[in-house]
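So that you can tell them apart, the chains are marked A, B, C and D in the order they are listed, and the count of residues begins at 1 in each.
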């Protein structure tokens, strides 16, 4: 009896780590687009990058409950880090990713201390402020960043010394997809680890998390730093595959878009960012080809309808793709964003 | 020097009128309405259309710049917003951003994407010297109008029955309902007034801030700054924050033009890190 | 190895793009159609469509297809759209580009795929140097600015404050004006305002305190109107400070709505809707008719001439794109609504007359009325380099 | 031998209000000690001081002889001081299994382990099984916490604290709100807590207090009013006056 329960426990805990068919299918389809959709590789590349960016936001929003309207700070820093590196002759893409991740992680670590306190609104505005200040900084330091004209003259070397970026965007897309996939696998592994579980517990109830002996602040700092590094990599991918960086990598709309993408796809199950990115970009592409002037209206209408129809119900259904995930994932139904009120008891 | 102070106050007052509706919906009703700027834009366009197409005098357009957005606010509140009071903040953000997109595109479609001009009457143009300070007439006008509004709002919120009912409704809607207060009517009225004020602010501010379809997006950040820095527990908080922000912005650009844009954002971060509930919030 | 195949493929694309006879010739027009610079996009799109309507959609026996794309004013989107147009739609030529970064981002693509890019709006001098396939039909800021400095120096202005938006074209204008004006013995004080700036009052106060003879101003056309009003509101016009600058502040699209505040502003630019020529009269009339009374501005004429350049180039190459087309465009000259223009074969930049204009009321509407002409101005930045 | 938990002259002021008034208190090793007092007596403040949610204005807190007065809450837990909450503080979206797994792996120092999947360590699994059985959660381990019956949630609340393997366990009204039918199960598990865990029970329910505790302290107006064996306190007329009388009337 005892060992029976133990087996069940092990199985139940292990289930969270196992891949479901839906997930495998998702990535197989993604891989298939490399072969079957050669004309769409450019936008697919952008989708992969935004997906990764949204995934990084999901790490802090979905798994740690930190809302951010300034996530572009890390994206932009990563883009500039990779861009400036390549401009100065160090064109190895993977090295660029590493440097971008590091730079963004450092910024993430430093600024994480600003978002440990305060309500959601405060966090939104502090993160936003950080991104805006960084944007101004990039504008002022035009000797380094090219200012408002953008950073030009980026020439990328071949990936691993083998694959040169091509004009069809195929290599770029493959590169972004592989990087996104690898980082996704790591993120997926992290969220089912004891560490990931402790993050979810902090998001759900920081008061209890402390009472279980979890060093809440340290965990939050760690995940914020990690998410920053992810966002930095996403930015670096954009800089490397478009070989251009302009100030709008740091702009407010970047942060707002990624938030939209993530929320559309659903928060807290890692696929939300990816699915949201596909949905949002394809929609935008189709609509803006149809009516280049007024596509925003239709996007807006869809957002409104999506919310009225019950966004969470829709994404819940998608979540069922992942085994047992429905259970493990807090849908914040009828509950405002994870708030800090519990901590203020 | 004093002229800078004066300009800063006028700018701050304007920000307050634009943002106070947001302070109410966000602070009191706990609803994140990013579409607030769209109501401000509506007010601005009402004034622009009335003046430029129908030759209505500037002052006469102002009441309409209040009423039209207020009515729009009321209708939207009754039909859409009220369904979302209990939803998560993320839903509210998604929804209201969707409204902004629609508003931007719709105005673009109806009015074109170019800047709208409002010709203020000649008696409001130019400057006079008061006590040795050069003051712009129009800015004085803004200060006067906004000042009256601030006093009136404060009065309504603290001294009238409506104000106490609103506060009761906000503190605990269930208890308020138990006391026989019609909470949904109170919320609807508050929302409408907030939207109307934004519209009025949009009309008054068109001259200084400009007016084009991207207005709601451009100024969203400013509104949010005012509300968060001011704290959301009272109306005086956002008011003082607006003034502070207005003066800091103008003075920052005057004295350290190369750092101009940093001033506001840095100020905001510092304030929020030191006082996460806002500068002027009561401790909860 | 791989590299060669890819480049080869790119070049092949460029060839096949223009060579297949049955396929229509596609022109990719990438513009900011939404966002803060949407009005630039609208003007150019309207002008391009007008040109096609007037001149038919068949050139050298081939059908012309215009594909309009919205880049929302974001550079990486511009680049992606350009790339998609090249790869998927196999366009013969791309055009548009509302802002400097938006023109610079796709420049390497033009080179790589050998697809000519016609810049119809962006005005930083260096753009045409970013790729040998870029040709410009708008103007460069120094081109419009240096004549301003010369005119000011000749007309008794000694001390000037400059106020420019803090980005590429603004800095271009500031540099060009400052060096040209100080060379003539003038005195200059520089001020820069952030690109997104809702309130000019602190900067204008600084100007008022400096008491210059004139204020040289460059801000993108959308914000120009706001600037004008605040300039007058602050009473700077009455304190004897002349307002001068390149024509962006008195953009024809907005000028009439600015009201009397704009009266008397002196600007130099390559185009005014009031330009007195039969070509322009016809252009303005047709443009207004097709667009609900909207007045064409300098963006529109850039779009119109850009289309003309593409049409004439294609005629010359008999429908060939790529290197042949860009070569055909070099040195081409014609009479535009703005006056006589030509494409400098060395720099691929436009050579045109610059007019000194003053805002006046005509038939109840405000116009930039030209009163002096500096003929055949080349971009001074590149001219200085080649000397 | 040092007391399991001890406070010396503990004071907490909120502005002018004295919430905890010079409390000197000992919880002996292995004790079953109840802390009672009327509403507003400052019981919750006292617990919050002990666990580090609040910082005291003055005074000292010692855990097994070591000063923990300035220690952060999570470090106190790691030193062996765990608590339950009067109102459930659980992770509604997680399963009891995950909740317990979290607490156990945190205690074993695995909380910053970001690579291993939970459940791959044998000790953790074994301990989860053991705790689940002790608290009668085995058959609901894989349910969503939010969907559990209230009694089960209450058990989980204690089980989580127990999973921290505390030397001292603070139970804040463990039976509060539990319906009669589920009550017995709860009381039985509380009674069966191992003797090497010292327990401080904060409770309103006198039946529970009398059946469980061997010592009782009475808190009134923030100060320690009296302390003694169950018999002493239950027969103390002053206690009856300030506290029990109230309770009997209910």
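FYI, a contact is a pair of C-beta atoms (placed from the backbone, for glycine too) under 8 Å apart; a residue touches a chain by one contact, two chains touch by 3 or more.
Just so it is clear, the model here is predicted, and its values are computed rather than measured.
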Shortest chain-hopping distance from chain A out to chain B: 1
Closest chain to global C-alpha mean, per-chain Cα centroids: A
Of all other chains, the one whose Cα centre sits farthest from chain C: D
CA centroid of chain A to CA centroid of chain C, Å: 38
Between chain C and chain D, centroid-to-centroid distance (C-alpha), Å: 74
Centre distance in Å when chain A and chain D are each reduced to the mean of their C-alpha atoms: 40
Sites on chain A at which at least two other chains make contact: 136, 139, 253, 293, 295-296
Residues of chain C whose C-beta touches two or more other chains: 34, 38, 42, 194
Of all residues in chain B, the ones touching two or more other chains: 104-105, 108, 258, 261
Arrangement of touching chains [line / ring / star / complete / other]: other
Chain-to-chain touches, reported pairwise for every pair that qualifies: A-B, A-C, A-D, B-C
Residues of chain A that touch chain D when the two form their complex: 2, 5-6, 8-10, 12-14, 16-17, 189-190, 192-198, 200-201, 204-205, 207-208, 210-216, 219, 222, 327-331, 342, 345
Touching residues on chain B, where the partner in the complex is chain C: 3-4, 7, 11, 52, 104-105, 108, 112-117, 119, 125-127, 134, 136, 138, 207-210, 212-214, 218-219, 222, 249-254, 257-258, 260-261
Complex contact set, residues of chain C against chain A: 2-3, 6, 9-10, 13, 31, 33-34, 38, 42, 68-70, 73-76, 79-80, 83-84, 86-88, 100-101, 104-105, 107-109, 112-113, 124, 130, 166-168, 194-195
Chain A - residues contacting chain B, complex: 67, 114, 117-122, 124-126, 128-130, 132-133, 136, 139-140, 252-253, 256, 259-260, 263-264, 267, 293-304, 306-308, 311-312, 332-337, 344
Contact footprint of chain B on chain C as seen in their complex: 34-36, 38-39, 41-42, 191-194, 196-199, 201-203, 205-206, 222-223, 225-226, 229-230, 232-235, 238, 253-254, 257-259, 294
